[in-house]
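Got some structures for you, see below.
The following pair of complexes shares a single chain, subunit A, combined with subunit B in the former and subunit C in the latter.
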Partner chain A sequence: MPEIQIPAFRVASRAALGSKTALRSAGISIAALPEGHVIHVLGEAGGPDLAPLLREVTGGRPHAVRTAGPAQWFLVGDEALSAAGVAAILAALPPGAAGVDQSHGRVRIRIEGPMVERVLAKGTAADLAPAAFPVGHSTTTLTGHIAAHLTRVAEDAFELMVLRTFAESLWDDLATMSGEYVLQAADRA
Partner chain B sequence: MNRLRLSTGGLIDRSRPLSFTFDGRKMQGFAGDTLASALLANGQRLVGRSFKYHRPRGILTAGAAEPNALVTIGRDGRTEPNTRATVQELYDGLVARSQNRWPSLDFDIGAVNGMLSPFLGAGFYYKTFMWPADFWEKVYEPVIRKAAGLGRATREADPDGYEKCWAHCDLLIIGAGPAGLAAALTAGRAGLRVILADEGALPGGSLLSETATIGDRPAPQLAADIAAELHSLPNVRVLVRTTVFGWYDGNVFGAVERVQKHVAELRAGAPVERLWRIAATQAILATGSEERPIVFGGNDIPGVMTAGAMRTYLNRHAVAPGKSVAVFTTNDSGYRLAADLEAAGVGVAAIIDSRREGSPVGGGSARVIKGGLVRDAKGGKALAGVTIAVDGSNETLDVDALAMSGGFSPVIHLACHRGGRPIWSDAHGAFLAPQDTEGLTLAGSAAGVGSLSACLADGAGHAARLAGLLGRAAQPAVFGPVAGEGTGDAGKPLWSVPGIRGKAFVDFQNDVGLKDLKLAVREGYGHVELAKRYTTNGMATDQGKLSNINAIGLLAEARGVSPAEVGTTTFRPFYTPVSFGALTGASHGKHFQPVRKSPLHDWAAKHGATFVETGLWYRSAWFPRAGEKTWRESVDREVRNVRLNAGLCDVSMLGKIEIHGRDAAEFLNRVYANAFLKLPLGRARYGLMLREDGMIYDDGTTSRLGEGHFFMTTTTAYAAGVMNHLEFCAQALWPDLDVRLASVTDQWAQMAIAGPKARTILQAIVDEDISGEAFPFLAAREVSLFGGALRGRLFRISFSGELAYEIAVPAGFGESVADALMEAGEAHGICAYGIEALGVLRIEKGHVTHNEINGTVVPADLGFGKMVSPTKADFIGKAMVHREGLTAPDRLRLVGVKPLDPAATFRTGAHILAKGTEATLENDQGYVSSSAFSPHVGSTIGLALVRNGPERHGEEIVVWNGLMGETTPAVLCDPVFVDPANEKLHA
Partner chain C sequence: MASLIPCPHCGRRPKEEFTIRGAALERPGPDAGQAAWMDYVYLRDNPRGAYREYWHHTSGCRRWLVVSRNTATHDVTGAEDAAAGKGGKA
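What follows is the complex of A and B.
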């Protein structure tokens, strides 16, 4: 069939934040997470809470199931999946749930350190106090100009999940927001 | 140091001297000084010239209300005009310059205005410079503005960083004076999340200037002790140098923190100012009260200041106001100042008390003149003496400083920001806050509470009550007995003094005097809002903090009514000026707006793309090659090559929406004007989405990938809008339909591959057969790529009119797949093409975009009339699209246009005139909506919306561009310029 053959052409995925070096300081650290998988689960409006069933699909890994709005969830993991792998997850979804592969549409950034609430408060109007935003809680919120899905994964660590095409801009904004803690540390070094 | 600096006392650190300059003169102060206190300590009383009359002005206050001591500090891009010296903390190396004077502060030519002042009263300019009319804007106003003024902003870019920040709390306390500190301690101990904000560098407010003791602790010590305890509480955040400037809906407060406006060396990466948005469940306004000046002749001469300010400079900054001081007061507070002056060894010539009755104690040994009024102050650049009227006779005192206290106005600005009106209280001789300030409680002297002990108790009491409301048990903090405090007696307001000779100022900053207000009443502008605008009283950068209440009192006196009847003007944010830098935050330079980068951005860049900003996207516009001198050469080549061979274009930025659900087909059938219910599996269809008013909203293709699974594409510009529209339809219009929506714009890298060789090239990477039979026009299917290495989605759709496909692959693989296609296509002459070529190709085929779908067209206007389903029960736009006006035959409809002379050209936006008619808007027949040079036609071509357009093919017309003065003879034609039979499309 093909009139042209491409011998051994290597198909490779290019990471959206591949050009960014992780920022590390005593106060705040920012790192791009592996471009693993993100499955967007769409339940029926007004339907039952599917989170317990979805946790079975993800094997109970911590923070693998994240609320993404009414009757919507993200199934998240560090492992990049083949088309067959995605298909297997979609097939395992509870009856009535639709799944959409967003593994390439979303990029995850981890931000952590004692100053993490201070830094994120420069971008989001969400109340980040642990009582209001406990570990495991998620919300979609503006971070500066850019909408992102925010999850607290530890007392002083959050994950931001952002649309791929905004990822570099969000990274640059986070670097600016962290500047007073990161640059300060660099000055001392 | 100067003799004016006391050798002991105050909250200055004498071990840390700081050097600074004022108008180039080297001076010294100490850590803990403000610029104002340091200037006074150096004997510099003259610090500025007034706005209109260029009168010598000194320092009137010790706080944010200062109208006189405005200076420019900093250099180059950090130049900051109109800085209040009374607020600016001193730092080493500070550079300050006086304003509004020429050639110098001491000798200012503009002071001649003062001699002309009999002519320069309120309204003078408007009355005088009326004729000729256009001279006002061109001559008079610029000249007047040049002569009158404030400091000048720099034209250099500000090198510093700013940021915005959110905060949340149970209780926000605004003001860290006695009431605020007591409230914060009470609430903090009870475990509430507390934010305490104060504009000063240290918490304490009036405690820092106070000589009373509380539980045997000096007042400043109490402030320091409370601050230390607050710092130890993890649930309390103390924001100093932070002005809360506005109260907004939802109990959100705006505040600006001056993070690094008080330091010589900036901390890298940290902002100089930070704008806070504080969401508070409850708030306490403990902003204290403002002391009113008294309106007498020469009340603006350097050396005259408010009594509270003099007390601050004396007690907090250890600066003596002069050698011999007079105190003019309407209330008890002046007596406390006199006692403090005496204790510091400063001579007090007299206390002039406007009251005849009462015998206040605590004034020390100074002579008291009961029932006395300071009628006039004398002096030029410094006070030389005062004339006192008492019992019908005059007495002159030689003093070099005069303190005045005309009573106290609670600082209630924020309480009025959401529309409430202040209420006059005769008992307080002041306006108090409106009653209905839900979520905001006033405490301390902001609530009209008088004495120090009462303020401490009031703040603690309110905090305990609010803690209870918020579900926490709290005990009001107690601090022990207060010794040596004032009575807090308000006194009776003294609006005016009879027999004034000199100029008596009400609004110091705008040079509005007593006479101006009287003139306003005489001329019929006695209403408070009219008087304000007629005289400009209260309209300067200080927003009338010192002048408004006095002006209201004077208007009331002149009209013979109570201040309650005069009322107030409106309080609005901001309480004090906020820099544009703080309001901008980090959103400047590359952070002005986000950049959206296509997954094929780097692919395009390595092929040399020139990018163009479209919304937030950077789209590849064209791909110049060596030897091409203009963009047109590149674009013409790309266009020709697509029609001759093949081209690859990044279309990843088109909106993409995944639609799932049992009722997805029915949903689309209602959203689109054309039929979608029976779209077969594996097929794409062009869809027209209308607004309720029948106009086209957006267009694009939607493919059916499963029984209840569709994939919609939208235009780039309307991607977010269509998503919102669909969500609204699903959630609000038809909640009974089972539809779930997900935006997948970012999931896919999508490429258009167009041209006669497109199939051959694409087949090299697609595993399935994509021959014309197996994959016909409008086929849409998931496909396997590279021998099963990857799966993508393939659509046979065409914007260029060529044999064309769009292939979507997971975004990360986009560049790799584009590389493979370029490699496979090399032998077939493939080229990368940008959106300029894309535009030319679609215009050549008469395909529309939002240039044509501009909100004024219905489907029939673009030749899509037959697409609108006549049989569907309902769809958005159905009710309106058949209205008479939207079906009228003479509507502007789509037509092609090309110049008669192929060398001639015209532009998008130009208008169409019938041949031989005059170039007027009355003769307007329509307009060119898109235009480009077509290498295939060999001339400029255009799409136009023209009256009866489709019936006028072949008619000669004139394209008229009235803005550019261009006219081009042209002919209307079929909008499809290339391959009208669509043979290439179906090849």
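What follows is the complex of A and C.
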């Protein structure tokens, strides 16, 4: 029986958007956020709003707790957590809530600028007007053909959180959607 | 086809975000007999007018809804969480 040859192939982790250069212009900017942590929290159907308790778990950082449908939340942060760090968060969850570590499964993109609503409106039918979508509001919606979790983190800034394998495709879509505003900025320069 | 669905959890969303399962029918009892189950599994009316269907908000909150719409006018008259309609918790 021939000996099995294992090729000298070193497995290395690669950032999902490591090959993308941040896009910056006066009208719109797109940047990949650090691949920190994302923990999906599921509460009991019809149960109480756990967001206030979850904000205590995340230490009150802004936009760390994001709603993700009825009785579901994402706990989000920029710092990568060790297994012990994730376990500590899961242990601190309120009674009746279950948590799943999604840190390696979801990638975040920040898009900001005065044109941000116009850019996103090309991809989603969710109402992005500040009255309907205030700072801190989150929802899951189609962006083009990709379902992404959308959060307004400032007056003119949103974060999109997307399944890792869709991240590059979503980035390319956002770059295309932003194209006219980037070109206008270049024309004026 | 109706194009904007008033999801009770997400607000008005386009039909592209949803997956349609089909008519929301009363499920027969386990002892209802072969004919009733044959009807329930395979046979569908094709009404002109009011219709109630299961829709899944696949690209949104991922909840099952019961959407009421009119097949003739394309009006959507309502959407509720499927669990709420069965006395469950949404």
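The rule is short, and it goes like this: the second predicted complex is superposed on the first by the 173 of 189 C-alpha atoms of A that agree within 3 Å, B and C clash if a C-alpha of one lies under 4 Å from a C-alpha of the other, contacts with A are read in each partner's own complex, and residues count from 1 in each chain.
What we mean here is this: a contact is a pair of C-beta atoms (placed from the backbone, for glycine too) under 8 Å apart; a residue touches a chain by one contact, two chains touch by 3 or more.
Predicted, not measured: the structure shown is a model, and the values here were computed from it.
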Q | subunit B versus subunit C, judged by how many residues of subunit A each one touches | A | B
Q: Based on the superposed arrangement, let me know which partner A:Glu35 touches: subunit B (first), subunit C (second), both, or neither?
A: first
Q.
By the touch definition at the top of the document, which applies to A:Glu180: first (subunit B), second (subunit C), both, or neither?
A. first
Q. In the superposed arrangement, which partner chain does A:Ala45 touch: subunit B (first), subunit C (second), both, or neither?
A. both
Q | Which superposed partner A:Leu81 touches (first subunit B, second subunit C, both, neither) | A | neither
Q: Identify the partner contact of A:Asp127: answer first if only subunit B is touched, second if only subunit C is, both if each is, neither if none is.
A: both
Q: Applying the touch criterion given at the start, work out whether A:Leu142 contacts subunit B, subunit C, both or neither, answering first, second, both or neither.
A: second
Q) Between subunit B (first) and subunit C (second), which does A:Gly69 come into contact with in this model arrangement: first, second, both, or neither? A) second
Q: Return the residues of subunit A at which the contacts from subunit B and from subunit C coincide.
A: 44-45, 125-127, 132
Q: Quick one: which bits of subunit B touch subunit A in the complex? Just the residue numbers, please.
A: 161, 163-168, 193, 267-271, 277, 279, 586-587, 590-591, 593-599, 602, 617, 653, 658, 660-661, 709, 730-731, 735, 738, 740-742, 744-748, 760-761, 763-766, 769, 785-786, 789-791, 810-817, 820, 823-824, 827
Q: Would you tell me which residues of subunit A are touching subunit B in their complex?
A: 1-6, 9-16, 35, 40, 42-45, 71, 83, 98, 100-106, 121-122, 124-127, 129, 132, 144-146, 163-166, 168-170, 172-173, 176-184, 186-187
Q: Would you pull the subunit A residues touching subunit C in the complex into a rising list?
A: 44-47, 69-70, 125-127, 132, 139-142, 147
**Q.** subunit A-facing residues of subunit C, complex
**A.** 4, 9-14, 16-17, 58-63, 81, 83, 88-90
